[in-house]
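For reference, chains read A, B, C, D, E and F in written order, and residue numbers begin at 1 within each chain.
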Amino acid sequence: MKKIEAIIKPFKLDDVKQALSDIGLQGMTITEVKGYGRQKGHKEIYRGAEYLVDFIPKIKIEIAVAADRVDEVLETIQKSANTGKIGDGKIFVMSLEQIIRVRTGETGLEAI
Amino acid sequence: MTKKSMLLTAVLLLMPISSAFAADVIDSGDTAWIIVATALVMMMTPAGLALFYSGMSRYKNLLNTFAMTFVSYCLGSIIWVVWGYTLTFGPDHGGLIGGLDHLFLNGIDVNSVSGSIPTFVFVLFQLTFAGITVALVLGSVVDRMKFSSWIVFATLWLTFIYCPIAHWVWGGGWMGEMGALDFAGGNVVHINAGVAGLVLALVLGKRKGYGRDAMFPSSVTLTALGAALLWFGWFGFNAGSQLAADGVAGSAFLVTNTSAAMGALAWMFAEWYFTKRPTVLGIASGVVAGLVAITPAAGFVNLQASLIIGLVAGVLGYFSVSTLKLKLGYDDSLDAFGVHGLCGIWGALATGLFASPAISGASGLFYGNPKQLVIQIVSIVATIAFTAIGTLIVVYITKFATGGLRVELDQEVEGLDSALHGERAFEIG
Amino acid sequence: MTKKSMLLTAVLLLMPISSAFAADVIDSGDTAWIIVATALVMMMTPAGLALFYSGMSRYKNLLNTFAMTFVSYCLGSIIWVVWGYTLTFGPDHGGLIGGLDHLFLNGIDVNSVSGSIPTFVFVLFQLTFAGITVALVLGSVVDRMKFSSWIVFATLWLTFIYCPIAHWVWGGGWMGEMGALDFAGGNVVHINAGVAGLVLALVLGKRKGYGRDAMFPSSVTLTALGAALLWFGWFGFNAGSQLAADGVAGSAFLVTNTSAAMGALAWMFAEWYFTKRPTVLGIASGVVAGLVAITPAAGFVNLQASLIIGLVAGVLGYFSVSTLKLKLGYDDSLDAFGVHGLCGIWGALATGLFASPAISGASGLFYGNPKQLVIQIVSIVATIAFTAIGTLIVVYITKFATGGLRVELDQEVEGLDSALHGERAFEIG
Amino acid sequence: MTKKSMLLTAVLLLMPISSAFAADVIDSGDTAWIIVATALVMMMTPAGLALFYSGMSRYKNLLNTFAMTFVSYCLGSIIWVVWGYTLTFGPDHGGLIGGLDHLFLNGIDVNSVSGSIPTFVFVLFQLTFAGITVALVLGSVVDRMKFSSWIVFATLWLTFIYCPIAHWVWGGGWMGEMGALDFAGGNVVHINAGVAGLVLALVLGKRKGYGRDAMFPSSVTLTALGAALLWFGWFGFNAGSQLAADGVAGSAFLVTNTSAAMGALAWMFAEWYFTKRPTVLGIASGVVAGLVAITPAAGFVNLQASLIIGLVAGVLGYFSVSTLKLKLGYDDSLDAFGVHGLCGIWGALATGLFASPAISGASGLFYGNPKQLVIQIVSIVATIAFTAIGTLIVVYITKFATGGLRVELDQEVEGLDSALHGERAFEIG
Amino acid sequence: MKKIEAIIKPFKLDDVKQALSDIGLQGMTITEVKGYGRQKGHKEIYRGAEYLVDFIPKIKIEIAVAADRVDEVLETIQKSANTGKIGDGKIFVMSLEQIIRVRTGETGLEAI
Amino acid sequence: MKKIEAIIKPFKLDDVKQALSDIGLQGMTITEVKGYGRQKGHKEIYRGAEYLVDFIPKIKIEIAVAADRVDEVLETIQKSANTGKIGDGKIFVMSLEQIIRVRTGETGLEAI
């Protein structure tokens, strides 16, 4: 089992969610995060003082999937989150050793 | 001709009547207006100014700013009725200060009349001015001052700085006698508060990280709402200062609104032009700049003048906070000096330029009376000098009395809401 | 001597005139003031109190608190003009209740005059009192009551509890006849609402997790703004209760402000002393405590008395919410009983102590009239007894009619905004 | 009989007096009330409406909505005193428009009197109506319009649409002459703004994602507070339109409150019935619906009528925004047309039905005067036709002058606060 | 060393925290997240338009533990977070290669 | 490739960001979290009732780095986030199996 974490632009969330639904993925957890990278923030001016806001709002999506579905999911996210502009984000893949469903106590792939 | 005077005419035609009797009559319309005007000015401090200022302070200090504003008005309320009113409006001593005859409003009762309104209403109207003036000062110093120091400072400052200047201008003191025009508080309120704020800010020193860290306003929404409520209340401030519901009040009312609107548009267009963005903070600040500048002039100038006064105030305010402050390098947190001090000075000068005899009889330079401008300049300089020196003394006494003015560094970093009050402004997770 | 009386003097000197004619004259100044006072009191409920209360409720119940406050005023608005006014101010029946002669304001028209103001204005002024009184009650019960039950309760309570007591005191009933002094609603509004809140809270039971889970106010900022608006509106409440723009109104105005400021400072210093932190919530609560306590006394006491009344109210409020409530163990969510009930009792007693003949002619114990204190105590006890028992009956009828007063446990946990209204207070992520 | 008329009676009995003299007398009570009423209406725009609207807009556009509202009032303030007042209230030309005699309020001075109040106060009272009317329009178009286009549009629209219609109804134009009843602005304000909003929304097109993406209000709390402040200010709007503090003002005051309360309850119960949830947004919207509908009728109808007017308005508003809008498919962002347009039409019709001679002399259909209903229908149709066509022209001129009305798509997605103003509404992380 | 991530219902946080304390665990980091899964969101109606709110507020708990305590911790969380209703959440287990305590620079199990 | 997660005190964020920039790291994602550990929260008193606020605001920094830069990054964070007082936070290191840049589809070290 793998855990996929994707950092994407907030307004792309609906598209990504839709695309994942289309390939039959029904579960995910999202977090509001802030990103810092090549995409530069904007200047804000308050009462004459200029501040660079360099952390940009992003959404982090976390998905647990069976190992054999990873490639499909990665491609789906990469395509649906893509705008072609700097700051589109990253996708990370990690290994998951165990999953448990709290409600039933089921474990492993059953629990996804 | 007003109803009041018409009534008197009718009465006078009919019977002999002592003039004392005529002078002591309460007019219910005037009283209605001044009670409401007073309520409006009261609302300006704990609602209007508290929102305006706390929305501009950083989130971690939002409630502290609210607390300082609130407590300013509360202290002013008590001080004024105990000793402030009598120091200001008690019998004059040498043009400098009022006597102590009215401690605890001694000698004033439910039947006392001032002009055409109950004296109690006049006392309270003036009280609200004292309350807001000291609260304005804190715009220069939020984010870093000890709450206890603020309480001591406010008490001393109201007593030793505000009351004398208010006496000079409105209480029968030398400035009023000299003929200085200050309809609703250019000198007494705005120049006074602005300069005091600057002095206090200089003594306190800059906030940690000033000029380096982003210091974002916690909520431009709250600030904009605050500006709207200030505007609303300012009608009581300026049109109420006529102390009657008559044509001059109507005129003061009109020019107040015009100047505020012009100030907002001017500030907005100025920043749109220079920084490519019209901001809500700029619009809100421009409203206040326009209102400050028209304050001393409200009962003396006509519509055309108010358009110019507001226009200049908006641009002046913008440059003072966006250029001057950065150049001179002081940390006037929320620009009490930049907006109230400078636009107050502009307003006091403008009164000397534009005062039109058609409004209340007084003439300025443009109506052939250059002397008025000189008088205005003298009054401005005297106010600045007295406030600057007096505030400095008060500040050092406060520092001594409260063991330092400034919070600990880690409290400043943590934020005063949590460190001093143990509260958070919003718990809306 | 007021303008009004002077005018009458002039007229009476000149021609014979029926006294009925003289009594029916509208004074535009008094009318102006009472219209505005009414607007101010109206604003207190859906703006002032709604903010004050919702800011103190937990975030998940913020909008529910708003909704209950809003709907209280709306219900009061309809009930009052249909049957509430006539039950209160219709022709007296046995000192206990008004007759039904003015259902739908029957018999009152655009030319009807009460005192020196149009009767319609008087009706509306009184309406705003009914509206806020029932809204005050909900401070004891937020976070757990069904919205439908609240609507039924408010309707019944206004009809069967508020109207009778208001009749007793202001509508020609036995309490007013006995000589009880209640200028703007110590008994009618605050004791009444506070005790009713406590009864309702006791029947409802404690909130889940009370005493164990942290129940943080959703926004002290909103609460502080609400307190500022309440203060602003309270000028209409107290000074408006004179029903004229005259010297007594001015005096009521002055002591209202003083007591509020003292209440705030007293509460703040009390908690600073005992818990080492002056909080904004404490300052805001102290304002309200001071305002509550001066309400029955406003038109009867002088400045010195108001300083004491506010001081005691601030300290009393602090102890009641920080010590008494914990000791006795009831869950008065936002302290309607702790602040309104107890400070209302203190104010009613204080009126019997401090009423000064120099203000409106009435004397209290300290001016040689111990009988007044006895009358006050009788009126307090009678109000508490009637409200406690009457509210209990109303509560049980409501419970029966709406199938239980309390929301489901999982709705309580989820929060009423989402569970009952399907809304969130802020969507500002 | 009012004080004023009684005074005149007394005076007239005693001496010969020119009627011109009598007509030119300022009444301090009326003046007090109208100054305050003006301040209340002013407050409605940058505080009441700004909160009501920005709370309903999406979070990313909260401040932009604030900015547009604020700037509407500022522009109105300047335009009105420079050329708007004279176009509306200057000497009539052919029943269609006022002359330019009072540019810059030329010819009006501190002693000018209108009715019983200073002309300056009348000017400012009317100014606040112009300011809020144009601001109401933006409820149809928030979330997608260029700020620069809005400024140009507002300027043109006030000049070419608002001033003529206001002249027709209140300035001596044909509609008033015909006998159309519009006490405080059913045609001039609400139908006018609602229809103009719809036209502008149709030209602008729908917001991206409309009907698909969730568009949640940024803060129902702010909207509810805004509704409360609008209600408060509306007393100035409606009862102030009598321009005196008298019995008719009292009656207008009473029916305004009743209709608002009924509107709120009706909307709430309607949605409770149909969607199982009474929402705070619904209550707030119902308040406004009830207030809109009573506006043209306020000085003409009695209590019973106001109960019905509010009831129908609440239900009508609910159906218009929940059913009609979805059926017809236009994107009226915050329902300026759905609430102001439709409830304004209902109010104008209701005036023709319910006007009772006992209030101000005018009779509607139910009091035996079917002609009035015809007149009302003519006035409604004429207003809709003129506004629709006129606004369309103004919109296209604006589009041409500002190079397109709509922001770039990526600005719309990013949100206008950040894209246009470079600000965030809350920084409370 | 392992990292345990649990997505739970917000109102269960206090219970879970208590249960973990009871077995001697004193450290954790929590994040407000939103979840999407079998549990369906509610409909919200604004001015007549109906929106499905399908992301439901959840709390993510992150805990670093020694490998030998994992089972005990998993069981504790699963029991204390359980309500038996859909949406109770998931628990994920990942491998942790290193832990450092910022204050002291300690590493590994010492740093927990 | 590794993923580094650091829990730090919020007011240290600027210092850490600066220090990471200085060693040439330009990308990171941050989240507002709340921590529970040895550092005790403060008491809050509302209307007389005392509540212990035991979750303390922290910032979580997530950084994907090439394996050979891990030690340098850890040291940089540990030093720049350090105040020496309890509650300074923890740093966790996990293995990353894959990284993808959404904009270009690049993978692995290229994508960082």
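Things to note:
The criterion applied here is as follows: contacts are C-beta pairs under 8 Å (C-beta built on N, C-alpha and C of every residue); 3 or more make two chains touch, one makes a residue touch a chain.
Just so it is clear, the structure is predicted and the values come from calculations on it, not from any experiment.
The minimal number of chain-to-chain contact steps leading from subunit A to subunit C is 2. Looking at subunit B and subunit D, the chains in contact with each of them are A, C. In this structure, the chain pairs C-F and A-D differ in their number of contacting C-beta pairs, and the larger number is found at C-F. Between subunit B and subunit F, the centres computed from C-alpha atoms are 47 Å apart.
One inter-chain figure worth recording: subunit D and subunit F are separated by 53 Å, centre to centre, where each centre is the mean of the chain's CA atoms. Here the spacing of subunit C and subunit D, counted between their Cα centres, is 32 Å. For subunit E, residues that reach two or more other chains under the stated contact definition are 31-32, 44-45, 94-95.
Shared interface positions of subunit B, defined as residues touching 2 or more other chains, are 4, 7, 10, 14, 27-30, 32-33, 36, 62, 216-217, 277, 279, 281, 422-423, 425-426, 429. Taken together, the touching pairs give a contact graph of some other shape, not a line, ring, star or complete one. By the definition of touch given earlier, these chain pairs are in contact: A-B, A-D, A-E, A-F, B-C, B-D, B-F, C-D, C-E, C-F, D-E, E-F. The touching residues of subunit E, when paired with subunit F in their complex, are 3, 17, 26-31, 64, 94-103, 105, 111-112.
By the touch criterion given at the top, residues 44-49, 51-53 of subunit F touch subunit C in their complex. The residues of subunit F lying in touch with subunit E in their complex are 2, 6-8, 31-38, 55, 58, 60, 74, 77-78, 81-95. Interface residues of subunit E facing subunit C in the complex, by the touch rule stated above, are 11, 14, 42-45. On the subunit B side of its complex with subunit D, the touching residues are 1-4, 6-7, 10, 13-14, 27-30, 32-33, 36, 40, 58-59, 62, 216-221, 224-225, 227-229, 231-232, 235-236, 239, 244-251, 253-254, 257-258, 260-262, 264-265, 268, 277-281, 283-284, 287, 303-304, 307, 358-360, 425-426.
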